[in-house]
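Below, chain A partners chain B and then partners chain C, in two separate complexes.
Showing the complex of A and B:
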């Protein structure tokens, strides 16, 4: 993600736009704060806007589905390791047509947690953030600071299994090795039942149920959601009694138990599908460790069922991997 | 001990509420067989008939807990015997994962049980239910998931 890769990326984009690719989904700098957003570029004039830095966090998979629906041509997309996993999973689920996508894979050293960055710097003063080796160079209005990447890295990136994309058409950057590590989950499992309950209730009490985690997740693409009764048809003619008796698992109230209900359901729908991009956690305004729930599920899928995520056959379609006992943990 | 005194003792005792989702083709018929063969089992169990154990959404189980159930049983056909071929395989995947997740967040996952009972196993159904009710009785009332904010 250094300057060199960015130069190569710009060249690649210029080439692609000359050829058969209609638009490319890339990262560009936001004007008011040191954040990067996903942008769709259509012409070679816009190529100079492209950025690629440790702040290029968001997952373009959701935008890709949207653009594929609205356009007829081929679409290029810049994808880090987790993004390419998401795209691959969506291809397996029939949401993305592989023929119409050109994936520019970026080998990713890990991205910066924006929340950690703004505790050290004033957002309005940060001019540019670049990476060279393991050091983050932050250029502010007055001076330039060097900070090790470990101090700013997004926690989720520490447990990345494949920092280098597995599914790509062209790859930029050197190949990196990842590994599966569940040490943080094991730490939580060592706590007693009451401690765990208090920990989770304490965390989930903060949830305001804005459903940002659901909207940001590339795999929550259902048009109608179980926890969202407003999608059901209500006409001016429907009587109050009918409206009141609509199936509704979850009320409008926000309390810890209802939040728990929602988060458990949301997580269970991602069994064997979650690719670990961390978009849910990044979207959460209340800073709830949602990835811990997802990672626990991933751990169980691997340990109890022996299913390795990112497989070609979806987890739910595999009927040959049932565990012998009801649970194997014996707890 | 007079009869009235005996009854007041019973009222003080905790009576668990158990919701059992029984599949239409095997477990419900099994429960029916238990009834027709006059096998007695605990009256704490409320059976809800569903078409297949595979349609029991984790939301339905959590909803039952939310509304004050002390235990939930999901009963279906033996693996390979499902009327819809694979419904119970899906059920098993869901329940196992839900149990693990419930355990992770600190809820007693023993309150949820997955049971295979065929239409001929009336006796087994009754015995398993008696066992489960005893287990829940030992665990005590379920308070964690109730609407009232609950902290230990």
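Showing the complex of A and C:
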């Protein structure tokens, strides 16, 4: 994600727009602050807007689904390790047509936690953020500061298993090794049941049920969600009593218990699917450690089914074809 | 300057001391405390918990007048009304933008039909504000005609002069409270310092918004611009739930044969919000819902209540997961139109 990779990315995009790609989903800098946002570019005139830095945070997979629906041509997309895993998983689930996508894979050293960055700098004074090796260079209106990436990194990236994309059409940046590390989850597991309950109730009390976690998640693509079904039960032909009794698993009661219900319900749908991009936790305005829920589930799935969401067969389909596993002791 | 406002000096930390005094008098005291990486309003029982070292709180204090969930009636074979919450309370340490926002909630809940639930709380609430000597990077109150030292919506405004507090007493309720304390007269020097702090706070506000956009909005409802700005939006309710002026709610029943009818915050960003029982949804698409947020704040409320429903607190910018920025959107519209 250094300057050189950005240069190559721009060249690649120019080339692709000349050839068969209709639009490309890239990162650009916001006007009033260094935060980067996803943008669709359609013409070579827009290439100079493209950015690529440790602030290129958001996962483009959901935007890709949306663009594929609204366009007919081929779509290019810039994807980091986790992003490309999400795209791959969505291909497996039949949500993305592989033929219509050109994935520009970016080998990723980890992303900056924007909330950490803005406790150190006034966002409006930051001119540019780049990476050189393991050092983040922050150019402000006054000076340039060098900060080790470790000090600013998004916690989720510390547990990244696939920094380099596995699924791509072209790859930029040097290949990096990931590792599987559940040390943070093991810490939680050491707590007593009561401690753990209190910990989660304390965290989930903060939830305002804005559904940012759900809407940011590439795997929460259902058009009907159990917490606010919009079409499920209503049609012009629905009789009144049916309308009155349309399924509502959860109302709008916001309290620790109901929030817990919502989050567990959401997370359980990601068993064997979550790719660990961390969009849920990044989106949460209330700083709830949502990744810990997903990671606990991931650990369980690996322990019980030996499954890591990367193969060509979706998890649920795999459950049918897995040879019967011997019950491990203690389960 | 409004000559009804009385100025005085208090030697010490007024917000802390007033919290102590009001707790003694049996008030519920709501004040900012530190919680994890941010500050939030909580009901406190110990004035030492108050933390004043913040730009603004994560959520505004609106939930203490208009809670996210609020029981309206209980029902079984008969209907039982829930008692109005009219306990005396004080919201302490609220920023000027959020206090101004309460005056906008008043427009909604108290003008014309008076909402009894809101009214009971509002009538019994004292608001003691805390002037901003420093503004944040997401703040833009000054371009909405407000000041970081604005007194609107407050009973008392406290400005920290460093070694002492400069108090502005706006209402009779405020006067009563001040009667409980020893205060001094303001010297010329204090007045100058206060004025200087306000000027500095205004000058340090870099973010600006063009809010007088009625005609532009009327003429550009169908512009492609709205699809463009909605590209990033993920359609969550963060902006509306953190907004100090958003007031929409839904009413629901919990329990079939017996239970509670309650109201809960709702958001125009959710598709269910506008879903009609015919199954028609006038704002089916995300971009239509996002567009509504800007039209509601800068056009619809201007038409119906004569007021812009944005106070420049910047929460919808700093906490948007997708980088949607109300100042960039509004300023960008003007640019788009003039091109």
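Operating definition for what follows: the second predicted complex is superposed on the first by the 301 of 331 C-alpha atoms of A that agree within 3 Å, B and C clash if a C-alpha of one lies under 4 Å from a C-alpha of the other, contacts with A are read in each partner's own complex, and residues count from 1 in each chain.
Quick note on the criterion: contacts are C-beta pairs under 8 Å (C-beta built on N, C-alpha and C of every residue); 3 or more make two chains touch, one makes a residue touch a chain.
From a predicted model like this one, the values you see are computed outputs, not experimental measurements.
Engineer: In the superposed model built on chain A, check whether chain B and chain C fit or clash.
Structural biologist: Overlaying the two structures gives chain B and chain C room side by side.
Engineer: Figure out whether A:102 sits in contact with chain B (first) or chain C (second), or with both, or with neither.
Structural biologist: neither
Engineer: Students often get this wrong, so check: with C-alpha centres, what angle lies at chain A between chain B and chain C, to the nearest 10 degrees?
Structural biologist: Once the structures are overlaid on A, chain A sees chain B and chain C at 90 degrees.
Engineer: Is A:293 touching the first partner chain B, the second partner chain C, both, or neither of them?
Structural biologist: Touch partner of A:293: chain B, not chain C.
Engineer: If we overlay the two complexes on their shared chain A, which of chain B and chain C does A:271 touch? Say first, second, both or neither.
Structural biologist: After superposing on A, A:271 lies in contact with chain B but is clear of chain C.
Engineer: In the overlaid three-chain picture, which partner chain does A:255 touch, first (chain B) or second (chain C), both, or neither?
Structural biologist: So A:255 meets both chain B and chain C here.
Engineer: Does chain B (first) or chain C (second) touch A:195, or do both, or does neither?
Structural biologist: first
Engineer: Can you work out, in whole Å, how close the C-alpha atoms of chain B and chain C get once everything is superposed?
Structural biologist: Between chain B and chain C, the minimum C-alpha distance equals 10 Å.
Engineer: Could you pull out which residues of chain A sit against chain B in one structure and against chain C in the other?
Structural biologist: On chain A, the residues that contact chain B in one structure and chain C in the other are 255.
Engineer: Please give the residue numbers of chain C that touch chain A in the complex, ascending.
Structural biologist: Answer in residue numbers: 35-38, 58-59, 68-69, 137, 206-207, 231-232, 234-238, 241-242, 250, 252, 254, 262, 264-267, 270-272, 275, 277-279, 281, 319, 321-323, 325, 327-328, 332.
Engineer: Where on chain A does chain C make contact in their complex?
Structural biologist: These residues of chain A touch chain C: 30-33, 35-40, 58, 62-63, 115, 118, 122-124, 206, 208-212, 214-216, 228, 230-231, 234-236, 238, 243, 251-255, 279, 282-287.
Engineer: Would you pull the chain B residues touching chain A in the complex into a rising list?
Structural biologist: Residues of chain B touching chain A: 57-59, 62-63, 66, 79, 86, 89-90, 92-109, 113-114, 144-147, 149-152.
Engineer: Using the touch definition up top, name the residues of chain A that touch chain B in the complex.
Structural biologist: It is residues 188-189, 193-201, 226, 249, 255-258, 260-261, 264-265, 267-268, 271, 293, 296-297, 300-301, 304-305, 316, 319, 322-323, 326-327, 329, 331 of chain A that touch chain B.
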